[in-house]
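In what follows, chain A forms one complex with chain B and a second complex with chain C.
So, the complex of A and B:
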């Protein structure tokens, strides 16, 4: 038996929106302690690591550990119908394999959608020793990435103890974006050693854009030519982390 | 405007319309060729039958087909003249009868008021291949231009949305478009068919055309799959196209019916200019295939497929990765789309796993090749990341149509592939076959750059 209620339907919608950036069919682990998901996009370039303990919900009950696979974009279509101050309740009917979504506000409506065959794949998170750690505002990072996207498809991120520099070089134009300690956007900066790595801007911008509604502060960690970790700090309990593999140009 | 007649010429001509294009209407070179008494007598040539135009500073005028100033290996105009000379004798009066292959043409000029009508050659042989590009692969440019310029295009003005009640000619055109085999047709034309020999190397080879007065169509038999879709008013157009293709109907036949508004919900049916309908059909079919391909397992090795036809060299690279597709074209200086520069020009467009929502910048070729690629992956039930690379050489003297790309890629994919364990080896092979260094291709290719430079999360999971 699985049942979970959330007073603010928008919160669920925003979170599913962030996950949907990478995954279309998402397999959630439902446990008595909460729900979680870890999955890679079809190209296996990025990973999302999401977890909501039961304390995030207003009501939560799950009798045993199980997997539930749903089509996130279909779920999002339903959640888009929610308005302000509406609550949402999810419940899984194990017999029919249907997920029931009840939305209550000015009036109440109930949708149900099929669950899909669950993927039985356990993925670990990448093991990386991060040499750089930076706390920035999510909005600030989003703006910086959008600046870089104007001129190129990828960005080189360099960091030392005082600053993060993003360099984007396109065919004809270039951009250089700098976050210095003391800037409003950069809250904290630590670097064991100066590091640099290049990342795809299409992934970065989609990830950050979709995570803005769920989080105000992001902790960004990386090392030279290693994956970057974006840990979007959650107001309540719970976590939303993304990993993105680097681009390494040889020759 | 007042007409200035002979006699007194005291009034000034005012308000004369300026010529829009820098065109000199009478090109002396062409006229000289045709004024040769032996030739002209032979074909009963008359000045009004032929329109010759040229751009103001066209190289063709200086070259006269003898110096190859454009860099091509043969003069495309001479090729066209040759076939014109041969067909002109057959096209004398305003009445014409012959076996319609079947073929129809819907123009795009003036959209939504377009010219639609049949393509009819003045002969009664088996013409079934004249409008069926699937059977043209391997034919020379001269052959193709030869039978294409026999096809006389009858023109009838219609509104694309109001075609169903615009008279008998339109009904007959639809009838022809859905026919399964050649149909005898008699056309009576308002004028003698005029061939447009435009001195411009970007125009596709095309036969003469004339406005239609009346036509008579003998009994035709319809393709039964197409007929079923035609009478189904509740079947939307893209479903009709997809299911016809799955039933084995030729792309050309689907596209011909599509262009006369034979598919779709009753109220949404409309004529689609031939040029657009070709790409629409390629795009619809391959889009459906992609959804299936994405669920298949990836291929196990790097593959290279090759084909060379009409001096268009294709190398097709398949990589064992998730679905992705890129089409790249390199045009040598002196080829059709790159006549004047001294550098090779490279174009590319691509899509990732999630597909694309905008029209590909390189145009119809992108979708035609995607269809051919999709056919192979569906047949093998495999997924891959595919890059279609095309080098157009100066022997490709005139554009013959998008079918060349579709059939050339199909031909490549019918061969056994060269298989490699690494991307490096596969790229080395392609580099050997092409004249443009592989590095230039990589610099322009998003998918190749991804494959070479973009790491994956899975590279960091095991330590």
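So, the complex of A and C:
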């Protein structure tokens, strides 16, 4: 038996929106303690690591550990029409294999959608020793990435103890974006050693843009030519982290 | 042809993106036959150059390979060597089917029935000696590795997956699984839109992945037993199988009795004109070689243009565009990494 109720349907919509950036068919682990998901996009360039302990929900009950696979874009379609101050309740009918989504506001409606065959695959966490750790505002990072996207499809991120520099070099134009300690966007900065790595802007911008509604502060960790970790700090309990593999610059 | 295990094997439809960075050893003859069958004019005439030589196989091989490389798929082609002696009956049977189709094709053309003509023409597809030679030359110019198998291309490709040199065996036939391919991907060489035979309907064709381990787990049998199932249904080495026994019955019988030797005596009026052990040997211990190198290079643009455009009358504009996309794809795959590199 699985049933979970959340007073703010928008929060569910925003979180599913962030996950949907990488995953189409999402397999969630439902446990008595909460729900979680770890999955990669089909190209295996990026990973989302999501967890909501039961304390995030207003009501939560799950009798045993099980997997539930759903088509996230279909779910988002249903959630898209939820308004302010509406609550949502998810419940899984194990007999029919359908997920019931009840939304209550000025009136109530109940949708149901099929669950799919769950993937057995366990996705490990990338093993990386991060040399740089920076806390920035999520909105600030989003703006910087939008700026870089104006001129190129990838960006080189460099950092030392005082600053983060993003360099985007396009075919004809270039951009340099700087966050310095003391700037409003850069809240904290630590670097064991100066590091730089290049990432695809299409992934970065989609991930950050979709995470903005769920999180105000992001902790960004990386090392030279290693994957970057973006840990979108959650107001309540719960986590939303992304890993993104680097691009190796070749001549 | 290959054995009909379609109904038994569960497959996962995948995005081409998920094949990016992966190596696929493609059964070259299997792919070439498909190009020859599909790439034809509406009346069934294959593509030809000005001197009348067929070029359907080159067209398919070139554009398909360019697309795959552009998407970051590391393709290698494995060519057939000498078929196992036991395949003779099947080879004769296929020749007969083709000869009959040719008669029907000519009749359909005389009667002006274009659609019928086309479908019969597809069945006449014959791989002429110059076609594999053409194909190898093209692949060399494209910088795409090809391997000469001592016997069946499919078994060599399967062997390469067991050695870890290829991530997938690429073929339309399920035989690859019998040969022990750890993973099989279908539809890599025919993706896109495909016409449903004898209907004016098109379906979207996407790659399908099958993993041997998973197939065996689901069917609850061993690979040896899967081969026995195939023998009951009919393989390239005993095309007739056992009359009236389809894949589902065969599976049931093998699961109940264990092996084909235990099944046959329990069936009434069976005719099984083959030695199961001989066929088993072909699947379990095929003739394969370790003498190959998988090395991907940049395409030799001038060489490709000379061959396809000067000798075989391809459109230079289209060929150059495809080569440019291919080179961009190679550059992109060199800079791209996946998270798998950090899973340790």
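Please note the rule applied: the second predicted complex is superposed on the first by the 250 of 251 C-alpha atoms of A that agree within 3 Å, B and C clash if a C-alpha of one lies under 4 Å from a C-alpha of the other, contacts with A are read in each partner's own complex, and residues count from 1 in each chain.
Convention: a contact is a pair of C-beta atoms (placed from the backbone, for glycine too) under 8 Å apart; a residue touches a chain by one contact, two chains touch by 3 or more.
What you see is a predicted model; the values in this text were computed from it and never measured.
After superposition on chain A, the partners chain B and chain C collide with one another.
In the superposed model, A:238 makes contact with neither chain B nor chain C.
Once chain A of one complex is fitted onto chain A of the other, the partner contacts of A:153 are limited to chain B, with no touch recorded for chain C. By the touch criterion stated above, A:124 is placed in contact with chain B and with chain C alike. In the superposition on chain A, A:46 contacts both chain B and chain C. In the superposed model, A:226 lies in contact with both chain B and chain C.
Legend: residue contacts after superposition of the two complexes on their common chain; A:246 is shown touching both chain B and chain C.
Aligning on the C-alpha atoms of chain A brings chain B into conflict with chain C at a single listed stretch, 294-302, out of 60-68, 96-104 or 294-302. Overlap of the chain B and chain C interfaces on chain A: residues 40-47, 124, 126-128, 226-227, 243, 245-250.
Considering their complex, residues 40-47, 123-124, 126-128, 153, 200, 226-227, 243-250 of chain A touch chain B.
By the touch rule above, chain A contacts chain C in their complex via residues 40-47, 124, 126-128, 198, 226-227, 243, 245-250.
Taken together, the chain B residues at the contact with chain A in this complex read 294, 321-322, 352-353, 446, 450, 452-461, 463.
Within the complex formed with chain A, the chain C residues making contact are 14-15, 17-18, 20-21, 331, 334-344.
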